[in-house]
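Take a look at the structure set out below.
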Amino acid sequence: MSDWLKSLKTPTPQKGFELAITLAREGVVYTQPSAEIRTKLRKKYAKDADSLIMVSEVIAIHFQTVAAANNYWK
Amino acid sequence: MSDWLKSLKTPTPQKGFELAITLAREGVVYTQPSAEIRTKLRKKYAKDADSLIMVSEVIAIHFQTVAAANNYWK
Amino acid sequence: MSDWLKSLKTPTPQKGFELAITLAREGVVYTQPSAEIRTKLRKKYAKDADSLIMVSEVIAIHFQTVAAANNYWK
Amino acid sequence: MSDWLKSLKTPTPQKGFELAITLAREGVVYTQPSAEIRTKLRKKYAKDADSLIMVSEVIAIHFQTVAAANNYWK
Amino acid sequence: MSDWLKSLKTPTPQKGFELAITLAREGVVYTQPSAEIRTKLRKKYAKDADSLIMVSEVIAIHFQTVAAANNYWK
Amino acid sequence: MSDWLKSLKTPTPQKGFELAITLAREGVVYTQPSAEIRTKLRKKYAKDADSLIMVSEVIAIHFQTVAAANNYWK
């Protein structure tokens, strides 16, 4: 695996939210390394309401971590 | 993406709750950028009890983050 | 939306638990504003074990937030 | 509702775990006040592996709150 | 119920992880006290990917609590 | 069980993320010790979008714990 995660520090909450999205995706990438399979699966989950809500939940948990790591960008 | 998230600070808990809703929605928007598809999906999940409960759960996780960021509006 | 959430402070843990229930419900109300649809859906989820457990989970997450906001009513 | 929740303080972690179970149950009781319906539903979820795991998850979230409230019984 | 939970303190993170597993299981035991039924259910969930992932999630929440209780074994 | 978890300390956030993945997997290994069964199940969940999202959620919860344990690698 390349060095994709060097720090949880981000300049803004939005960059923190986008890091949370990366973390959520990496959880899937590490579990299913095949980009081909993931692309096929995207066709299904990207048009499934419950799947999209579940993705948003994983992002929410990671965002909670990243926000704490950045002391909520106070 | 536009600058939609500049701060987690809100004047009141209610505004904090509404920011949590925005964060929950943005998790879906980033994952499924097509407004057309999201509108179609809304017809389904907005009339499905379990889907609505799952949305409320994502809002709850984000609200926990926003509340901590605002020191619970003490 | 009316001013329904002015503070997370509650006099007792029980009032905090009841606020958590309100927060869980508001997550659904904001997502599905139609009381008519929500009433119809209640007939289903209120008699479905898994749905009721999921509702209890959302309440648990909000109660965690409200308890921290009240310093656990120490 | 009677005064069922006056404090999150418990003498031991086990009593804290049992309070977490009460909190998880009360989340269902407030949502479905009919004991008759809840008894009927118990026959189903008490013999369903996934439902039992979901109940354990709600207890885990409440236990996290109760443990923090008791400073982990240090 | 016997005195099964006297402390959240463990000598090592691994012992803390194993305590988290015990807590996850006890959540099921308190909810379904029949060992006979639980044994029957194990045949199903122990061979179901999603059920095993859900169990791992409950363990993760309890481990978060136990880790905080032990100040992360620093 | 061998000594697989001696510390939550990791040199980098990425190593912390990889520890979170190990913790998520160990939750399944302790619950289903048979490598044969787990290999069979992998064929299913590794090609199922919702299962992969659920795995990512467990990783997110463990990463939250590991990140706090490492004071967010500040």
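First chain written, first letter: the chains are A, B, C, D, E and F, and each begins at residue 1.
Everything that follows uses one rule, which is that a residue touches a chain if its C-beta (ideal position, glycine included) is under 8 Å from a C-beta of that chain, and two chains touch if they have at least 3 such contacts.
Remember, it's a predicted structure, so these values are computed and weren't measured experimentally.
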Whole-angstrom distance, CA centroid of subunit C to CA centroid of subunit E, is 27
Using mean CA coordinates as chain centres, what's the gap between subunit A and subunit D in Å? 31
Per-residue overlap in subunit C, given as positions that touch at least 2 other chains: 48, 50, 54-55, 57, 61, 64, 68
Please categorise the chain-chain contact pattern as a line, ring, star, complete graph or other. ring
From subunit D, moving on to its ring neighbour subunit E, which chains come in turn until the ring closes? D, E, F, A, B, C
Contact set on subunit F toward subunit A in their complex: 12-14, 17-18, 21, 46-50, 52-57, 59-61, 63-64, 67-68, 72-74
Partner subunit D, residues of subunit E touching it in the complex: 1, 3-9, 23-28, 30-32, 37, 41-42, 44-45, 48, 50-51, 54-55, 57-58, 61-62, 64-65, 68-69
